[in-house]
Each structure stands twice: as C-alpha cells, then as structure tokens.
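Each of the two complexes below includes subunit A, the first together with subunit B, the second together with subunit C.
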Partner chain A sequence: MSEYYVCTGCALLCDDIEVETENSKIKTVHAACRKGVARMKGCSDPLECTVDSENADIDFAIAKAAEILREAENPLIFGHGNSSSEAQKLSIGLAKKVGAYLDDTSSFCQGPVIEAILQDKLKTCTLDDIRHKADVIIFWGADPSNSHPRHLSRYSYFPRGKERQRGWEEDRTAICVDVRKSETAVICGDNRFYQIPMGGDAEFMDALLSALSSKVPKTSFGFDAKRILELANVLKKAKFGVICVGLGLIYSLEDLEPLFRLMDKLNEVSDFNLMPMVGQYNMRGFNHNLYEEAGYINRVKFNSETADAEHGPDFSVVEALRNKTVDAALVIGSDPLSSLPLSVSRYLAEIPLITIDPCRNLTSSKAKVTIPCALGGVESGGTAVRMDGVEVELKKILDTENLPDAEILRKITEAI
Partner chain B sequence: MGFGQFLASPEIKLKVVTYRDVFQNTAQETSRFGEEYEKSSAVIKLDPKDIAKLAIKDGDTVIVKNSSGRVVVKAMKSDYEDSHAGIAYMVNSPWSNSLVPDETGGTGVPKFKNFEVTVQGAKGGKVTGISEIF
Partner chain C sequence: MANVMEIYQLLPKTNCKECGKSTCMAFAVDLLARKVSVDDCPPLVNDAKYKAGYEKLSEMIAPVSGVTDTGLIVHEDKCIGCGNCVVACPVNVANDPLGAGSGKAPTSDKVIFKVEDGVVKARNVQECRRFGENRILCVACIDTCPTKAIEFV
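Coming up: the complex of A and B.
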C-alpha cells in the first residue's frame, strides 16, 4: 500500500500526497496542486547559515542569535505560519524567557475570525463536514481557486460526499460575494455571483439580513433587491450551509458585528457554519497554542520576570514596527519584508535581525543571523493545525543536514 | 524618435485591490528572486478605458506611486467583462506592498486591499527588480 504524506503548501494540509524520490530529492509529487508541488519539491534558493553575511557554523549562529535576544530590551518574535506546533510552543517559551513581543501573521489576516471561533462566538465545522454535508457554500471575499486550489475539488463543491452523492451538479450550490469576478466567481456562475463595491460588505450583509427577515433589502449602492431576496431564499432552504471567509471580507469590515448578526440570523432560519480561509499551513496552530498558554491568539508582550502577557494592537507586529518599539527581531517561517507594507517592515533592516527558514527571502537578505531549517512536512515531521482546527501529523520524507525549526529554537533558548 | 517623448505622460489616480494568484504563488515557492516570480508579480491590471487614458499599450511599463512608495510594473489589460475604470488590480507581492500605506488607525491592520496610487506611462522604463524595491 502506498504511503501518504501531508502537503504544507497551505492550511488545507492535504493528506493524500504520494511522492517519488530520487537522489535524496523529491522527483514527483502526486495529487497536490501546483503550489503544493512547488512547496514539496523545495525552493531553488536554500538559505545558508550566516552571521553578518559570512558563512558560519550552526553553533556560532545560534550563539549570536541568543546574544541578540539576550541583549535586546524589547525583542520581537514573529512569523510562525510555516512553523510546526512544536516550534511554536518553544517560541512562546522563548518569548517568555526574554520578555518579547510575540505575534504571527494572523495579526493582519484571519486573527479576528479565529479568535471569535475559539471563543465560541461563531459556529464552525470541519472540512470533512463540508465534504459530506454542505449543500450551500458561500465564498465571501475568498478565491480558493487561487489561494487554496484543492478546496473546491476535495471539500466544498465538486466531491460526492456521504450526504451529497450527486455532487456539484445537483446537490450543491456555490455562491460568491466579491468585489471582482475571481476564478471562483466564474465557477459559481453569473446567477450565483454577487459583485459588490469595495468596502460594501457590511452593508450587503445587513441587506441580506433584512431579506432573511422578509424585509425589503436596501443598499446605498443600489444592489438589485430582487437578487438579494433570491439569495436569502437559497440560504433559508440550506440543510447545511457554510460561509468560507476570505481576506477580502475581513479587510473590509471595521469589526465583526455585521458577520455575527448575519450568522445569528442564518442559524435562526437555517443551519450555517463559518470556515476561516487560513493561508499559511500552521497559522491556526499558533493561535491555538498561544490561546492555550496565555488566553490570547496573537499580539502579546511577555514580562520576563512574571511571564504575564499584555495584549492589544500596540503589541501587533505592524504597530511594533511602525512605532519602532522593538529593538531586535527573530523571524521564523515568514517573510515580513515581502508580506507587510514596506513602509512598516523597512524598520526590520535597522535592528539586529535573525531569520530561521528553509529558503532565502527578502527578510533573510537583511538579517544579521540566518539559520536554515528543515522544510516542514518534507525534511522534518511534527504537528500542525488545519484551517478547520483539526490537528494533522506531518511526516518526514527526506533527510537533511538542517535542523528542524523546533530544535533550533530549543538550542537558542538554552543558549540564553 | 517621435515627438511624443517630449510630452509629459498623462497621469491618473486609481484605487488598487490586491488579490492572490496561484501561478505567482507557485513561482514564489520556487524562488523569491527568480524571473518567474518577478514576471508574475510586477504587474498591474487595468481597465481598457484607463489604458486609453494613459495613452499606453497593453504590456507597456508604468510608474505606480503614492506617498508610500514607487515601482515600475507592467500594465496589462484585465480580462473582466464588466468595466472597472478607476480600479486597478495587483497581485499581492512585495511590489504591491511597497505601495500599501502604513496608516492603520491603531488597529494593526494596514489597508492591503484598498489604497490609492497614481499611474503614469514609464516610456519604456524597466520593471523594478526585487532587490531594488527595498
């Protein structure tokens, strides 16, 4: 029987991947999407172990990293989206030891929704529930055809699930609400695509709420009331509905109140769940791990003496860099110089910076210390949490000289 | 050499929405510093009416700037059926992120998917390379 591996290309963590290896490299990847294949085959720019841009041995680099964190008054530890849960837990321990700001990519991404789910403010389900039961699926500000290429084929639209034996042709209705006609919107079809203006999400939600309450839906942008009423009828008849929430929706809302209102109403008239469309493979894991440890999902600063955590926007990676309140940084499993506004991330190049990653990236090119780690799910095992909160075991496929991310963090912590 | 080069290129104000693209994301997995990543990232998709206003051709380079940054990227005609004049699309990348303002209203979340830029023909200027962005 074939051995199946887990793809760490995104937070779907597809666990049906087969690989063929040759000369200690992955030659062929079966079943993964193109992004997943590229992730599992590894990058063409592996990170080297360096201190001050000179090649260094791992022990020296670890000693330097420890020195930077020890000497800093307000260090920042950031990243974690592409780190194993084991590494994330060690990161939390390290942050406590040195009194660091600790944050992850959810801070400017799916954070508010994950927090609401963990606090039982939003009803949710698993991807397997969607596969087997979902008949009405709304992609709101989400384009999984690009961000999570196997979402529709493995879970949300095309498969013949246990209670959806006639698949997408008869058993499922996919709906897209977005500011542009994405590839996912094309799959949903013109009748099921609701194009709204930029920033119009909250108003469209309230209009839909009116329609669900049998009132005339009104929007300031004059959206056809008949179409909103039709949509409300489809949602009312759903046996198992799901809203897949993407960044387009999250960035458009000032707070989650309109989403809470809509979900409450949908669960009065029908049965609806929410799925956060998490990007990086273990972002949700970080949120779970920190929540368990400190009661917050992100944006904390630990007191090194009491190990108490302060929490709030001021401790977010964006505000910490914008206000220059941190004086050194350790970045693990992330590339903030690519993913944050340059106006914010530029400050990272002015402070002692350490990066831990399998590959070279913009952040590593500005780092004082770079430490290559094993590629999670390929060169090292561990655990990770899928976008729906299900824990998944990662298996090692290949040997590497690089240490796993958790091992590097353990050594840095010991050296402080 | 034509007379046109002595005239200032028209400049227009646009709103930018960023999005994800699986081909660009795949190129990113292989190499942040590769040609394919630049080719699939350093692009702005424009409505045909805005392309006409800029007096450029599909595929010409344009200067995209605001108070946060300035990049030269390739302008491409978007293939949406509905007009979206005044709104441009950029794939999420270091090129788009160099234009995202740092204002957050103290929330810790920048406006990644809604910011203003001015666009102007670059008269054959080269696309900004990834190492030049910083």
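Coming up: the complex of A and C.
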C-alpha cells in the first residue's frame, strides 16, 4: 500500500491516494474525499455493450458505431471531460475524419475563462503556487466544499506552504463572494462573506474597482460601501492573491470584461492570479488539446475534406441540438440528457446515438449503440490536465475486460 | 453545537424526577454529555404536549455511537471527507508536518485524523489537545468542518 494513485473524481486530480484492493475490486480508498471514493469504487450500474438495446459483442458495436458516423452528414461528438488526453486527441482526429461538430462540457462551463487564460488575457498560477504563496484567496461564485472537497485542505486555505508556514490561522485570508451562504462561506466566516443578489456580480466587481481606486463604491442593491472598502483594503495588501472563479460568476457575467477590468486593477495595486474551478477531471485537457490542434478550445465543426475547423456559438452542443443541425451523435463519458435542459437535449433521443461510458446513465438508455469503456484513472491509465493546467500522469489500478476509451475511438476511426 | 440551556428549554421543566434525576436541569446536563438519551425522559416521550420538544431534541442530540475518550464524535453521515480537519488539527501538523500539515495525505501513524473511504476516522485520541493534564479547549477541527460533522460532548 505504498504506491500513490491519482483520483479522477474532479479536476483537482489529487495524487496522494492509496488504495487497498480485494478480488480485483477496490476495497478501501485512503485520503480521497467522498466524491473521489464514489468515482474510484466504480459504477453501481455498469454499462453493457448493446446495439438497438440488445446485447452485442464489442466488434459488432464498434462496426455499427462507425457505420452511423460514416453515414451521418453532420455528426456531433461530445463529452470528453472524463476521458484521458490520449482519447481526446483521437476524438479530435475522428471529428476531422468525419467532419463532425466537436464540443465538450466547457461549452457551458468554464470555457470562456480557460480561453482567456490560454490567450494570455488573464494571469494564472498553479495550485502549488497557491499552497506555497497565496495569502488572500477569493472564492467567487464557487463552493469548493461541495464541488472540489479537498481544494481548501490541499491547496488554498488550510495547508502550510513555503511562504505560508503558519497556514490558515495567521497567514491566509479566505473570502467568499456568493449569492447564498454556502458551506465554503461558513468557513470563510461572516466578516469575510459578501452576499450579493443574483446577477449582481458585474456590478459588485465595478464597485470593488471604484473602491480599489479610492472612490466611494456604489451598487444598485445598496451593498454597504464600508464593507466593500474594507475588502478593497485587504486585496490591496495581498502579497499573492488568487480569485477562484466558479460557475456562479461565469453564468452571471454576460461577457468577461468586468473580470478583465478587475484583474487588471488588482494587478496594478497588488499581485493577483485567477484559478478556474474546473469540474470534470480532464475538461481543461480537452481545451488544451483542441487549442493546440485547431486554435479554438471548443465549439468547432471540422470540414471532412480540408480538415479545417470553423468556430462559433452555432457549433456549440446546445445550439447544434436546439437547431437540429446534427443528424447523429457520439457521446463520450458524459450525460447530456441529464445535464442539459430537456427541451434542448431531447433531440438526442431522435437521432442515432452512440455512447461510450463505463456506467449506465440517462443518455445511454436512449442510445442505439452503447460501448462500455474502462474507468479512467482506475481501470485505465493515461494523462490528464489539472484545473491549473499541469499535466498529471494517471495510473491503472485494476484490470478490466473493457477497453479504454482511447482504444475504442481508435478502432472506430479505423473502421470508418 | 447545542448548549445546556437550549436543551433545558425543550424539556418539560417540571422537575418530576421520573427520570431519576433531581431536576430537569440535571437531566439536560447529562443529556448534553450523552450520559442519558432523550427517551429517558418519560413525560417527554409520552405526553403529546411535549411532542415538538421531543422531536427537536432528538434531532439536536445525535446518537452517541462512536464517542471516543475525549468525547470526540464524527458524524459519518455528514462528513464529506474534505480533510480540512486533517490539515487543520495542530497535533496532525506537529506529528506530520510534511504530510498532513502540508495538505497531503497523512504519512505518519501518530495523526489523530485520517480520511478513509471518504469519511474522516479519529484515532490516537489520547494525543488530542483536549485530553490529558495540560488540556486546552482546542476547536480547530470543529471550526474548519464545513458540514459540522465533528462534535465534542
């Protein structure tokens, strides 16, 4: 039990996990949070290999999947957040070959922020920098106590680091800006919790900007100006600040301009970095891989002849399904029927649908072809990109009969 | 965490002595220390007018299973395994500065808290600062728990 494994429960990719196995199953997981344990212990309801809801062997299912993609004029390939980087690269190759719409969950998640980071419009740092240096940490629209349970204990607030030897008690200040008193807000304390109304983020940012410029901050919702000035003072004195941006902030902003303005100002008066609170374990990996390949992070359509990528909001999974511009879909390690509004995702049940996933889910129940794959980080290895952009090597823990998703995608590509 | 006056307010306050204690306040003190259970107060259980008090108390006083020598209880149903207590506990930090103290999985056997299967497990409780001759009222693990899964009785 001396070997450390990587947990793929969320994009923190904690690499200090020990496991005990028994009869080729994971018996005990050490150090992982409840979310990670649930992922590592595997599916309660594993997916079966089926074609038209009848059990099939894997080669037949792969041939059928290839046939669907070959015959489709505008197929959609979606998912990727729970796949290794190797699988994602093969998926990009497959999309080029069949001229598919290619998108991932960042399209309705942290996409805009990651794009800005990759284009050097926002200053960022690694999680290890946060642990060693950060003294002021803002959780804005994020509740890591629920979404990334070990964020505070492993990196952002509680641990001691090289320049923060006294840890949370004396060396660090955690601040929470949110629309509700989340569990993270409880840890930050009432003095350091700024409750704003829904959609009030941009206005609060501009008020904070005024306060940082020594002007009187004003908000239409009448937020106590003294408290904003107090917050601005804390931020000014920060030696190494971090804003952990959650989905709450991204959904509230129409565009990222207020965030750019605030970050520019904060970097004028002190030193601030931004950390996107990425959910799925390798969502950022997909953004990196596609950016490298096509120059965009998501929402692309490849031309099957020239392999050129078109990019735009119309090529996002939501718009493609809403406008019914796709005529077949391949979903890898995702459950859009559960995560997207039914008015949009219902269309998936009307077109030939292929799912590759370790577990059964709502999407797989509507699929024409289902192909079970190995559970990433447990039954198959590979590489993944952590929320801060650091590449992490995943190790295989258990053996399985299921093929890794990369292998399945390679076979489908070959069969087309 | 409940305090003795909160508990007392929910009791019948009749000093009927049916529970064997001399006053309701004495019963409240013992209830807080988990020496008795809510069901040990017969009027509270049987009399319909105390039903609301009974229900509130039953919720407030979680079952006593798993109490350690220092009175530490981990409510496993509430714990999410975030490990805040593992990293915040001063004893963990002193005994394992490069493991638990630095945010990583504990590397020493002397730590008090360890996360196992997504739930924190308490061990070596004799090392806890609330125990022994020089005990102090340390609240590092309680204050840092987002779900209030740790309690001292």
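Definition applied: the second predicted complex is superposed on the first by the 415 of 416 C-alpha atoms of A that agree within 3 Å, B and C clash if a C-alpha of one lies under 4 Å from a C-alpha of the other, contacts with A are read in each partner's own complex, and residues count from 1 in each chain.
The rule we apply is simple: a contact is a pair of C-beta atoms (placed from the backbone, for glycine too) under 8 Å apart; a residue touches a chain by one contact, two chains touch by 3 or more.
Everything quoted here is computed from the prediction, not taken from an experiment.
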item	value
Fit or clash - subunit C, subunit B, common subunit A	fit
Which of subunit B and subunit C A:161 touches, first, second, both or neither	second
First (subunit B), second (subunit C), both or neither touched by A:150	second
Contacts of A:38 with subunit B and subunit C, given as first, second, both or neither	both
Partner chain in contact with A:29 - subunit B first, subunit C second, else both or neither	second
Touching partner for A:133 - first (subunit B), second (subunit C), both, neither	neither
Touching partner for A:252 - first (subunit B), second (subunit C), both, neither	first
Superposed arrangement, angle subtended at the Cα centre of subunit A by subunit B and subunit C, nearest 10 degrees	60
Subunit B versus subunit C as contact partner of A:180, first or second or both or neither	first
Larger contact residue set on subunit A - subunit B or subunit C	B
Three-chain overlay, closest Cα atoms of subunit B and subunit C, distance in Å	7
Overlapping contact positions on subunit A, where the subunit C interface meets the subunit B interface	33-35, 37-38, 145-146, 149
Sites on subunit A touched by subunit B in the complex	9, 33-35, 37-39, 41, 43-45, 107-108, 143, 145-147, 149, 179-182, 195, 198-199, 247-248, 251-252, 299, 313-314, 316-319, 322, 335, 337-346, 349, 359-362, 365-366
Subunit C-facing residues of subunit A, complex	4, 16-18, 28-38, 131, 145-146, 149-150, 152-155, 158-161, 167-168, 183-184, 186-187
Subunit B residues touching subunit A - in the complex, by the definition given at the top	15, 17, 19-23, 25-27, 29-34, 68-69, 80-82, 84, 87, 89, 92-94, 97-102, 104, 106-114, 130-131, 133-134
Complex interface listing, subunit C residues touching subunit A	79-84, 86-88, 93, 97, 101-106, 114-119, 144, 146-147
